[in-house]
Amino acid sequence: MITEGSLFFFSIALFCIGVFGVLVRRNLLFILISIEIMLNAVAVLFVAASSIHNNSDGQIMYLLILTLAASEVAVGLGLVIQMYRRSKTLDVDQLSSMKG
Amino acid sequence: MDIQYISNLLLAVPLLPLFGATVLILAPLFSIQIPKLIVSVIAVGSISLAAICSILLNIELNEPSFNPVYGNWIQVDELTISFGLYLDALSLVMISIITGVGFLIHLYSIGFMDKDKDFQRYFAYLNLFVAAMLILVLADNLLLLFLGWEGVGLCSYLLIGFWHEETKNNLAANKAFIMTRIGDTGMAIGMFLLFFQLGTLNIQQIQTSAAELWPLVDVNQKYNLDMVTICCLLLLAGAVGKSGQLPLQSWLPDAMAGPTPVSALIHAATMVTAGVYLIARCHGLFELSPFAMQCVAAVGAITLFIAASAALVQNDVKRILAYSTISQIGYMFLALGAGAFSAAVFHLMTHAFFKALLFLSAGALIYSMHHEHNIFRMGGLAKKLPVVWLCFFIGCAALASLPLMSGFWSKELILGKLLDQHMYGYWLIAIAGAFITAFYSFRLFFVIFYGETKKEPDSQPSRIMVIPLSILGFLAIFGGIQPQGLIDMFSSPDSGQASHSIAIVAFTILVPICAVVFSFFQFKKGVFGRIIQSSVLNQIHRFLLSGWAFDWFYQKIFIDPFIELTRMNKSDVIDLFYKTIIGASRMLHNFLSQFQNGQLRWYSTSLVLFSVISLTFLLSR
Amino acid sequence: MMTIMAIPTTQILFYIAASVALLSALLTVTRYNAVHALLYLVITMLAISLIFFLLGASFAAALQIIVYAGAIIVLFIFVTMMLHQGDVTIKQESQLFRPGRSIGAGILSLILFFETMFLLSPLYDLSQAGVSTAVSQVSVISTKTIGVNVIGAKEIGLTLFGPYLLLVEIAALLLLTALIGAFHLGRRHQEVTI
Amino acid sequence: MILMNLILILLVGGIAAWLCESISTNAPKWVAVFSLIVALYPLRTVLFNLDAITSDAWLINESIPWISRFNISFHLAIDGLSLLLVLLTLTMGMVAVLAAWKEIKQRTGFFYFNLLWSLAGVVGVFCALDLFLFFVFWEVMLVPIYLLIAIWGYENRRYAAMKFFLFTQAGGLLMLLSICAFVLLHYQQSGELTFNYLDLLQHKLSDQSAFWVMLGFFIAFAIKLPIVPFHNWLPDAHTQAPTAVSVILAAVLLKTGGYGLIRFVLTIFPEASYDIAPYVMAIAGFSVIYGALMAFSQQDLKRLVAYSSVSHMGFVLLGCYAFTVQAWQGAVMQMLAHGISTSALFALVGAIQYRYHTRSLKELGGLWQTIPKLSAVGIFFVIASLGMPGLGNFVAEFLVLIGSFTTYPKLTVVATSGLILAAIYSLVIAQKTFFGPLKLGNAIDLDNREVLMMSSMAVLLIWMGLHPQPLIDLAQQTLNNFPLGVQ
């Protein structure tokens, strides 16, 4: 049987790998990929919760995360393309001109 | 006596000059040109009508006092101030002097100011002055009196600075206004105090209720600063400021920057005697406080001596006369302090005649001598300007109170009164002052009119200037008749005229004559030679020339620290507080905006970092 | 179609899938070549899908493969292909990402990991920290095993279009917004200065 | 709906002025003049029947529900005091339009829009009897003035406008807090949620809470008045503002502070006000002296006049907190007289700046030689501001001082010495501007418009100085209905 502890361990580990990716990568594409990993980590947690409590709410949340991921990727990749067109690089450190 | 008629007549006295002033002021504002002749007619006409009104009042008034009220000015709660005029012997004498002398000086001014481009403005101010002065002396309450009081101050300011292109004149005007304003503020506080204590500002009511509230204090406690004394001293502050008495006297010599007829009217005959009038008007109040009376006498005595000694060494003919005015008003204050109110007002009257005469003849002299003021650059003019010579002689004789001149009677009265009151110290000062007065007035006379001719006069005074001079000359000789009304008004049952020994009377008569003789030998014959040249005497000379160095003293004590203080705080200390707030928030802004650097990885790292820190914080609790 | 495995098989399968997922995720974030990274990501997704399957969430597992591995990753790969210029890109990337410089970030992530684990472990009493006991009991990691409760697509569908109907609408709006946004951003001719 | 119409006329006039700009750049000012004249029309019934209705508490009292959920109503009413100040607002609004006549050449429509809207806000402040509505109008008058300074001001206008806005807004915030606290305390005790002034007037707070609520109001109004140490916005705002705005600021905006003190602080919290009176009187005396000293040291003519405003408004505060009838009447009188005399001085400085493009006392001098009419008028208003008897300012200062003397003699003596300082700085203006040798070239003297404007203000001042009784009676009507704790 799968224990709750091991599932939490897995989810948190996956999440932290995603965080690590966001922190260390300068390429916008890799940052987006890392965010996908983080989203998946949370998704695992939701589905696990769904199983633990034996109701479908967790999976509904998973669906929402999926939607979110899809939207995020669509917009994010659009930005990646735009950025590449403008500056011929995907280095986010070059993007500080807006001081956002 | 028709009350309606008299009250209309009384109202006309101040309103006529006011009307003249209004017309003359408003016309140029609406671009209406008035020819010089019409200006003279309006200005002199309004004054002469006012003078006729006051003569009629002299004839018509046969009651001790007359107090018509023309309406309410301010009425708040129990504070009621009306436009009420009060006519009694004192104000009657005053309006006669003001309109009479004012008329003569207006007339004289037509000649004197003939070539001036601001002819109309001059007469507008002068008319306004006469109106304000008449309101001052006719007011039945202190606030209306204060209106006139400040009004004459304003006109004095405007007329001292009449030739406004020169900064020197404006500074003199400012000095006059501000110094009198200091006294006026004291007087205003006195007004507040009187209202607070007595609940009224009507002068007659003040005196009656003050007498009830504060019965005359015991002689033993007479140096207590009780309420009535404080009130009197505050009023005295106003009087001192306006009348150029110590310690606010130093504006008056500088005020000679104005046109000479102005000096004659404002700074000799009328405005500067307003202080004397005020104290005489409030005599009921002052009599309640022996200490205040002592102060009045002391101020008068010290001023008369200081000013007379300063007049001794001046070179400028107008400054000599200015110091002499201060000194003569000192006599009036001394008389007031001695309780000789009628003598004081009598001296005010004779002084108005002979000092106006002296100033006007000085004006004629200056007019003929290309605006030369220094007496040592004149000389030998007796034959060349005979009219001026005669006027000067009459004026100086009256000022020196040579026997039978008008000044003689009034000064004798004051000296006699001092002896009556057993104020021997003051009597001595007064006698010394009389000696110095006679000496410097004939020094003036001899230096100007005898000796070698240094400068030729280029013109004789015109006829329109000579007429007022001759009338004033007549008055200066024969004007020494004390108005009976005054004697009636101020005579109190216990002050019977004590007779003095012949020796003392003879002494007081002889003193000025000796001084004249001494002066004759000194300045005409040069018997005693030039004043001995020594450094000590030079120092004293310089000290006296500067009017006992009051200006220097005030500059150091008040003006310099004041300017320094305001200069230091020019950019407002309190603003620093708000600037600090601005600076602090700007620093905070700069500090915080460093975190907003646009580096995406910095943001994500700090996000993680702060979640780690907050988790650590949570766990370590 | 779906058979419930015997107990040890489930456990073993979970551990294998989890290890694969973690390993491939780690590889994903450390690759220079974006295509490689994406392929590792696909492996992660598939492994997670297996875990979903093991948890009895077959619908989610299917969606994980179809939408994530199938659609989203493919989108990534398209974009990567568009921008990829072979060795030049890899060389560029090797300059941008230096493993030696990422120690700090690694330590930070590890601390985060340990702290979160500690927070959820039985060693830490949440009530101590002022968190209400009702929460703390739920949150503490237990060794309780998860019973395999199969939640099928029908049940999800009923919930989704029942109480969560508003959420569906919101998700639809979100997708529409993303669609418009992506379309707008992707246009070539625009010369907007942001 | 008399007052409502009055405010609406100004608001609509403002919009009309803005729209008219497209017709001609001169059209907006005529629209402004027209709407200011028309605004007097609704008041006709009051103005012609002053004697008949002075016994009522309110001359006009009208209310319509507004936000009924919080029991906020559009409650406008005027009594003698408000009427005086509304009339002052309309008159000085006219003066401001005349002062701006030639000076404002750019974006005239928007300028007059802002001018009329700020006037509408001020009129609203003087009429509002609902605390929420009062606050709304308080803000309505603030924002247009900010824009007027920031757009049409002189060299350092942004800074000045921001300073003005922040100071007033800080005060407004405190006032809003106080209003909310007051209303909520009232709600807690009576169970009735209301912003109505008359209802709240009946309510008695505990001493502690009354003090804090009162303090919030007091600071808001003290900033507006302004009183040292909250005065710093005033010199900057005045210096940088265009002439018309200086006129509005001096004439009516500062008066909202004094009005607020009388209408709200003193009336609603008489005990709390009485307790702090000695401190406030001390601050007021200090303001009088400090403002006068600061005025003396300034080189910029507008700054000088602005600081003199601080000094003059100290008398208003002095009069408000002396708790005697005379002092209170003097405070009202001072608001009116200062409104006219200082505005006139600002208009004069504006006229000088229009001719010579400088306000520096160092550069000016001898103006009498080229522009005697302007100088004569200038001397008149300088004399008025130093408190010459026979003019409005003297009556005001006299009443304030004589009233204060009975309660706080020593402080009054200190404040009275401000009269000496007033003479000093006023004469500095006269001497350095109008007298002395001519330093600048020739200029055109006052034209008919300016003579009309100035002489009407002069006539008003003389009238107030010689026959203030009608004004005193009108203000007394307010005092009779709200005794202010005067014993």
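Labels A, B, C and D are assigned to the chains in the order they are written; within every chain, residues are numbered from 1.
Quick note on the criterion: a residue touches a chain if its C-beta (ideal position, glycine included) is under 8 Å from a C-beta of that chain, and two chains touch if they have at least 3 such contacts.
Remember, predicted model here, so these are calculated numbers, not experimental data.
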Checklist outcome for this item: Note: of the two pairs B-D and B-C, more contacts are counted for B-D
Checklist entry - If you average all the Cα positions, which chain's own average lands nearest? => result D
Checklist outcome for this item: Between subunit A and subunit D, the Cα-mean centres are separated in Å by 62
Checklist outcome for this item: Taking each chain's mean CA coordinate, subunit B and subunit D are separated, in whole Å, by 37
Next on the checklist: Report the inter-centroid distance (CA atoms only) between subunit B and subunit C in whole Å.
Outcome noted: 99
Checklist entry - When the C-alpha atoms of subunit A and subunit C are each averaged to a single point, how far apart are the two points in Å? => result 6
Checklist entry - Which subunit B residues sit where two or more other chains touch them? => result 605, 608
Checklist outcome for this item: Going by residue number, subunit A touches two or more other chains at 19, 23, 26, 98
Checklist outcome for this item: Touching pairs here come out as A-B, A-C, B-C, B-D
Next on the checklist: Give the list of subunit D residues in touch with subunit B in this complex.
Outcome noted: 163, 228-229, 231-232, 235, 293-294, 296-298, 324-326, 329, 366, 368-369, 372-373, 376-377, 379, 383, 388-390, 394-395, 398-399, 401-402, 405-406, 409, 412-413, 416-417, 419-420, 423-424, 427-428, 431, 434-438, 451, 455, 466-469, 472, 476
Checklist entry - So in the complex, which bits of subunit A are touching subunit B? => result 19, 22-23, 26, 31, 92-93, 95-100
Checklist outcome for this item: Per the touch rule, the subunit C residues reaching subunit A in their complex are 7, 10-11, 14-15, 18, 21-22, 25-26, 28-29, 34, 37-38, 41, 44-45, 48, 51-52, 54-57, 59-60, 63-64, 67-68, 71-72, 75-76, 79-80, 82-83, 92-93, 96-97, 101-102, 105-106, 108-110, 112-113, 116-117, 120, 141-149, 151, 155-156, 159-160, 164, 167, 171, 174-175, 177-179, 181-186, 188, 194
Checklist outcome for this item: Touching subunit C in the complex, subunit A uses residues 1-10, 12-14, 16-21, 23-27, 29-30, 32-34, 36-37, 40, 43-44, 47-48, 50-52, 54-57, 59-60, 62-64, 66-75, 77-82, 84-85, 89-91, 98
Checklist outcome for this item: subunit C contacts subunit B in the complex at 105, 108-109, 111-112, 115-116, 118-119, 124, 128-130
